[in-house]
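The next part holds the structures, each set out as structure tokens.
Common to both upcoming complexes is chain A, partnered first by chain B, then by chain C.
Take a look at the complex of A and B:
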């Protein structure tokens, strides 16, 4: 019994330390706001993310200032007035694939997944559940998702004068191309 | 035995609980290698009258219209100065991240002006640490007034004056920025022999954000030249105002002792005395258009 527990523990620790992890430093997260007044699109191609395929854990770390816009003023307002990126420079997501068993990481193909987790933005954390796809490809894993975010849920105030220019619900697009973490 | 297995199980539990934190820690290492540039040290390219370190982004056109009314102490007959108006408008464009140019016209002495502003250093943290932002300005102004004495030989160069300026600024916190502005003004022709052709001054400007869209700005230029023997009584310009931002506009509502809105004028030709109430109410309007994305 004693031996079994020790073995189990060691193998588990071994697994969590050396479990199969996939990482990217240039993932894409973008958001889109459509109103009759104007369309606003922010793109971030410097998203850091890790996916642990042994547990289904996935985390994202976004530098808010890395979002870029077609108009320089949009970018300034995004950072200064809405996200307050000097105060809250990072945005994170910690989540878990809930149906990990339906993904076969040894077989290339597309799998639908549901991810539950905590989205932290503008110093507010909300639990979200999003649907996405995981694609197992040669030498890596791709993950993508589209979901909606309501700025008000994150205490991002949009004043009356620009209320008509910014949508109440923003569409967020996530596209990750993970590569395996090289063991040290 | 039992204790050991509980301990080990606890260890397993702890390890799996912190799995996401471990993953997050893997990421934190990689983000520290990026450079984080400070943005929006000032809301617009001006502190109030003088330039700020702020540049127009490439492809953006800033249309600026500014007014300075008469002196507040003119009293009710002149409606506290509002009956008189002095204006300046300019078109300013960002060519690259580090270069912007502008042309303008002011009603005071019917002056045309042009400038180029260069960004030399940008305040940043992270991979590259820079405590301040530094920009430099060169400008030229030409008055188109009729010659005071048409009978003598007049040269076009007599209409010209030049300004060289370095802006050194630091955004100390999201709501507080400060700028030092060493300035040289060269005037080709001055009214009398007593007036220096070269004026040396050091400006100081700052802004304090009151809300996300409103900031309180103040600006002062200290003239190094002795003002004692100049043909006119000259004062150091001091201005205080509010920047109010609404979408693509920045409105600045301000009070100043200077009637002029270009460096050549407010540094070295300011004749108002705050203490006597020689204060002008005025405003700047900046509207930014995106010409090239």
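Take a look at the complex of A and C:
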């Protein structure tokens, strides 16, 4: 985990050199659980992310305690019982756009992409492949995706008492508004 | 029905109702009203960021999950998903700041870059910046 943070910092420091990298510190990642018992939504608007448009590399860094829930008890259970955020405070994703050649970063527009990479949370790393959109806009790049995550794949155990309240598969939403780092 | 059976039933009923009431209360409990809460620490954004940069483990133990009242200069204001507001407060570092997320105050006009503010919120920890959540503007 420490290595990813250091890598992130290094890439951040070198972003200024070539103008090929885009960053945000205000990205959004949310998840949604729907069951007949209740809907649960967690939002995080403090995601750090880097996109290298020359290689298609993407890095996301999240502080688990930054997820916000409507009810205080949901937030407490999420942090203490499921994600154990004192023990595992950060989550990361490191991946690559596999069809980079189909995105023209010099031309505004929306492009469909597939991103493969490693998602680490709760100290478990799994390879995932997700579909998403990259939108080239004036002065930046937006990226968004929706995909599913199964908590059990990350050794997140949900006790029987609340098992019916939490969906077996959670829908994850990613929305980034990257800006180029200006040369100094 | 014998008297003691009635008393026993009454006691059981009382505890059952109290249990249901407590469960409902906990289930629906809202977040702390940070605006009325007493801050655990009053600190400048510069000192807070420095504390995390110097020793993240010690600063995490001291400040995370605590209510902090921080004072500093607004660097930038960004609107996030569902009109959430992210206000970045300057620190002594070029690369790292204090980012405060406001869920209730969604009017970016309440913050202008360069102005000095006092913000109260819960400290979530450190990524590249110190992150604060459930923030309210004090001044």
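Quick notes on this structure:
One rule holds in what follows: the second predicted complex is superposed on the first by the 165 of 184 C-alpha atoms of A that agree within 3 Å, B and C clash if a C-alpha of one lies under 4 Å from a C-alpha of the other, contacts with A are read in each partner's own complex, and residues count from 1 in each chain.
Quick note on the criterion: a residue touches a chain if its C-beta (ideal position, glycine included) is under 8 Å from a C-beta of that chain, and two chains touch if they have at least 3 such contacts.
Just so we're clear, the structure is a prediction, and the values are computed from it rather than from any experiment.
With the two structures aligned on chain A, chain B clashes with chain C. Of the two partner chains placed around the shared chain by superposition, chain C is the only one that A:175 touches, whereas chain B remains out of contact. Once the two complexes are overlaid on the shared chain, A:144 sits clear of chain B and of chain C alike. Judged by the touch definition given at the top, the superposed model places A:61 against both chain B and chain C. In the superposition on chain A, A:45 makes contact with chain C only, while chain B stays out of contact range. Residue contacts after overlaying the shared chain place A:35 against neither chain B nor chain C.
Once chain A of one complex is fitted onto chain A of the other, the partner contacts of A:114 are absent, as it touches neither chain B nor chain C. Set against each other, chain B and chain C touch different numbers of residues in chain A, with B touching more. Residue contacts after overlaying the shared chain place A:125 against neither chain B nor chain C.
Contact with chain C, but none with chain B, is seen for A:26 once the two complexes are overlaid on the shared chain.
One listed stretch of chain B collides with chain C once both complexes sit on chain A; from 95-103, 149-157 or 203-211, that stretch is 95-103. Looking at chain A, you'll find residues 5, 8-9, 12-13, 25, 46, 48, 61, 63, 65-66, 71-73, 89-90 touch chain B in one structure and chain C in the other. Those residues of chain A lying in contact with chain B across their complex are 1-2, 5-6, 8-9, 12-13, 16, 21, 23, 25, 46, 48-50, 52, 55, 57-59, 61, 63, 65-66, 70-73, 76, 79-81, 84, 86-87, 89-90, 92, 94, 96, 159, 161-162, 165, 181. Those residues of chain C that touch chain A in the complex are listed here as 26-32, 60, 64-65, 78, 80-82, 84, 86, 88, 95, 99, 101, 103, 124-129, 131, 133-134. Taken together, the chain A residues at the contact with chain C in this complex read 5, 8-9, 12-13, 25-26, 28, 30, 43, 45-46, 48, 61-63, 65-66, 68, 71-73, 75, 89-90, 175. By the touch criterion stated above, chain B contacts chain A in their complex at residues 1, 4-5, 8-9, 11-12, 15-16, 19-20, 22-24, 26-28, 30-31, 34, 36-40, 57-60, 94, 173-174, 212-213, 245-248, 288, 290, 293.
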